[in-house]
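Heads up, the next two complexes both have chain A, just with different partners, chain B and then chain C.
Coming up: the complex of A and B.
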């Protein structure tokens, strides 16, 4: 079989690259970026409508655009890109051929067909039910059918990934254990199987209900199982983008994990506990017991949060150790000051790390606290939180690694390098602003998924405080900034992929600079030599911010009406 | 490197650096504190949502709400009945496309058993500017004991998307001294 596989040798890494894996990575990445641009455009329209001074779309178009935005960026862009990550982390990093490329193409075709079907259903206007499609609100059958096809395609992709791991192991294409990045991708794929199974359990009956074959779907059951898909799919993102952080740290700095054992344990925590997060969405629903809520919402005593906090130290720690081993040892922060801030892969990755931790991570834990959820549920605090995790975290990390994939996989020189060096900052700051101002508006009570915060057409009057209007105006401004950053990304990447200079067969890309497999990095995994004071300081700031913000919100809660 | 197999084949025998170990212990302890904080609040805090809920047919819930309106209506406002039920009693608030029905008038520092249910889609009970937010499902009667501790006029916004009129769905609760 293997003699039928077409390989090339990568001039940068010396790895054998299976051409069919490479083509699949390209196809999935291109589809991902196409849907990112569609979904991003819808997102801009949503933000412009929620900007009170602009109030761009009419109500029906607003709810349509919001449904399409959630679907295209939260689901389609991210999962397509994750398929590319899975194939990269298996076939390419393990030096192996890809298992069943035909199956992988079938999966890709199903995902593409499903994404198109659901998008058409939404655009026809009869399926503005939001991404969550809570029953008993009903969309067109095609809406559910498209999502199911997309999920089946993604499931096939996961099994191609598993198959490739088996093939690589049997063919001994690598020595010892799989790389940490592949381990992270494996985590993502395992969670994906759970996620898709949950999706099938609830969406197939819902599809049958929408065509009239099932008479009733209980809204509480729907919501519990839907979020076993909806929230777990965000945990796929977390695993995948943490793997991407490690990958970029390795490719840009030659960084070696501080401890393989610790980092892998942290990924394992994700597999074991992240699925409980469906409970985050059920904290103010009728009938759930406090015991159920507390155990599940805390991922069994915050063990998955522990995993993220570990990565939050080991990723920057490994970069610091690599930089120090290279001689940047002055003071606490020379390693960080002299990091390649003009390299969009590093800049994007590092901002992703910081924003995911400080904005998305802390707000998620606070909002997921059983009682505190009362003062945040379904306010704009919720989208504020998940734009911090999924956009500032996942999307920014995926954009960052795209700058490495263009030369390495697409074999094109990156165009518009100056613009590229600015892109992560424009996008990152825009998204951080979106997150923070939505969280601010949510704290003031502003509802999410809401066309008119002035309630001009309501039978009874109500006014939000004027500070809330300021928040929404700022949110609009930063959304425009983020949209500009997104457009820059698309122009640079699409331009480079189609019109960039083709790299010669043995040519190493000069940009972004990828250091050779660094020999300078010694055995700093051992307990005697590790010195990472800068990281310790940063992690200390994070911890203090976390504790303070957590208790401030208990204070807020204690001020609302007593209820029991 | 993270993109190559671990350089030490027996990587699970490598010692963990002290700084990493300290961070793991600190993060784990913090997790425990946050976990027990939720349990502690059930005893010491005053904001704990009850888990009391019943399955109920929408018509049945509407009947109970209508009975309350018939007994305790005090006036009308913009076509909405304003109801002032006795302190400590069962109070019903209907969520439907696109109204919170009726308007309630409660006494400050008195407890009420508030029942919430939807006649159609899911809705979101968002009491403003207090900022208490609870999901309302059709077919479920959710009961909570609520004790307003400030007087004034409060808005009830719907914060779960419920169709094209979602942004017009506003209700009202008065709290009087």
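Coming up: the complex of A and C.
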């Protein structure tokens, strides 16, 4: 069987590339980008509607657009791209053939059919139930059916990934343990299996309820199990984009992890504890005990956060170690000043790392604290937080590695290089603005998922502080900036994939630059140094910001609830 | 070279070298063990414990 597998050798990394894996990576990446454009467009419509001076859509279209936006970007774009990451991190990095390519194509077909069915259901206007689809709100049966088909397809993709690990181990295509990027992808795949199983447990009965075969779904049970899927699906993203950070560090700098063991332990923290953070969605539910809430969102979640903080130090640390080994040793930051800031793969990855830590990470810990969660639960602070993690963190990282995949996997020269060097900054700054201003508005009490913050037709009038209107206006402006950055990405990538110059069989791409040391991405091994003073200083700044912001939120709580 | 190799074999009781791999590395090298742990821990602490708490909420009269 293995004799029939068609391989080529990558002229840049020397890796053997199974062409069926390569085709699956291409198909999943293209589908991902298509749904990113659809979901991004709906996101812009949502932001323009929540901009009080514009208030673009009528109410029914607003909720339809919000449902489609959440579905297409939180689930469809991300999971399609993660399938591409899983096939890349298994078959390509391990020099192996892909297990069951036909199964992988079946999974891809199911995901595509499911995404289309659910999108059509939403666009028909009878399924504006938001991404969360809390019962007793009921969508059309096709809405649930599409998500179930999509999930089954993704599950098949995960098992193709596990099968490829088994084949690579049996065929001894790699030495020792799997490389760290593959281990990160393994973490994502494990969380994906839990996520999809949880989705099946709750969405199959909900589908039966929507067609009248089940009489009742308990709203609290639904919400609990739905979030085992809904929040865990975002933890797949975290694991995958951290793996992408390590991949880009290796491919752009030839950087090895500071310590494979420590980084693998940090991923183990994710496997064991990251999914328990789902409980922060239930922190204001009276039916759960403080023990359940605090164990899941504090003790367990802090161990997962420790994992993220380890990655947050070791990724820039590995880059610093590689740069210093190359002679960039002046002062604390020569390694960072002379980093390739015009390379969109590096720029996107580094901004993803900074924004994920400072915006998404710190706000996540604040929201996971039961007491201070009370002042922002179900406000715009929540989407502010997850735009910091999923968009500034995951989407920006996935965009960054796409700039490497276009020449290395699609074998096309990247077009519009100047535009590409600006794209991560435009998109990154736009998304960081969205996150910060939504969090600001949320801190002032502005509710999420609400069409009209002026409450114009409400019988009991209510006024938010004027600063909240300013925040929402700024949110709209930065959403336009992010949309421009997203459009730049789509134009560059689609243009390059379809119209870029085809690279010769042994031709190495010139842009973005991928040095010969990039082969480190496919090997287990550490840089074995901790001489990273610049990174240690940056981590110190992070801790100071973390402590100050945590304290500020307790101060807000004390003002909301005076005890004197 | 040959001497070194021989002495290493004499020290290691397991010719496959499995015994010389630290326990934690062997755990991390086993994707299916990690899969079981990654499903069991959140299933027990989040879902099962959570559903037990919901079932203990008294039903309103």
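Just so it is clear, the second predicted complex is superposed on the first by the 546 of 564 C-alpha atoms of A that agree within 3 Å, B and C clash if a C-alpha of one lies under 4 Å from a C-alpha of the other, contacts with A are read in each partner's own complex, and residues count from 1 in each chain.
One rule holds in what follows: contacts are C-beta pairs under 8 Å (C-beta built on N, C-alpha and C of every residue); 3 or more make two chains touch, one makes a residue touch a chain.
Nothing here was measured: the structure is a model prediction, and the numbers come from that model.
Chemist: Contacts for A:375 in the overlay, against chain B (first) and chain C (second): which applies, first, second, both or neither?
Modeler: first
Chemist: Is A:272 in contact with chain B, with chain C, with both, or with neither (first, second, both, neither)?
Modeler: So A:272 only meets chain C here.
Chemist: Is A:186 touching the first partner chain B, the second partner chain C, both, or neither of them?
Modeler: After superposing on A, A:186 lies in contact with chain C but is clear of chain B.
Chemist: Who does A:220 touch here: chain B (first), chain C (second), both, or neither?
Modeler: Once the two structures are laid over each other on A, A:220 reaches both partners.
Chemist: Classify the contacts of A:177 with the two partner chains as first (chain B alone), second (chain C alone), both, or neither.
Modeler: both
Chemist: Contact-wise, after the overlay, does A:28 reach chain B, chain C, both or neither (first, second, both, neither)?
Modeler: Touch status of A:28: no partner.
Chemist: Could you tell me if A:287 is touching chain B, chain C, both of them or neither one (first, second, both, neither)?
Modeler: After superposition on chain A, A:287 lies in contact with both partners, chain B and chain C.
Chemist: On chain A, which partner's contacts cover more residues, chain B's or chain C's?
Modeler: Tallying touched residues of chain A, the top partner is B.
Chemist: Of the partners chain B and chain C, which touch A:258 in the superposed model: first, second, both, neither?
Modeler: First partner only, chain B.
Chemist: Quick check on the output: what are the common chain A residues between the chain B footprint and the chain C footprint?
Modeler: 177-178, 218, 220, 261, 287-289
Chemist: Touching chain B in the complex: which residues of chain A?
Modeler: 59-60, 63, 93, 128-130, 134, 136-137, 174-181, 218-220, 246-247, 249-251, 254-263, 283-290, 294, 298, 301-303, 305-306, 309-310, 313-314, 317-318, 365, 369-371, 374-379, 443-445, 447-453, 455, 457-465, 517-518, 521, 523, 525-527, 530, 532, 536, 539, 543, 546-547, 550, 554, 557-558, 560-564
Chemist: Which residues of chain A touch chain C once you look at their complex with the stated criterion?
Modeler: Per the touch definition, chain A meets chain C at residues 162, 165, 177-178, 183, 186-187, 190-191, 193-194, 197-198, 218, 220-221, 224-225, 228, 232, 261, 264-265, 268, 271-273, 275-276, 278-279, 282, 287-289, 292, 295-296, 300.
Chemist: Report the residues of chain B in contact with chain A in the complex, numbered from low to high.
Modeler: By the definition above, chain B touches chain A via 1-9, 11-12, 14-20, 23-24, 26-28, 30-32, 34-35, 37-39, 41-42, 45-53, 77-80, 99, 103, 116, 120-122, 124, 126-135, 137-142, 144-150, 155, 157-164, 166-172.
Chemist: How about chain C: which of its residues touch chain A in the complex?
Modeler: Residue positions touching the partner: 24-25, 28-29, 31-32, 34-35, 37-39, 41-43, 45-47, 49-51, 53-54, 57.
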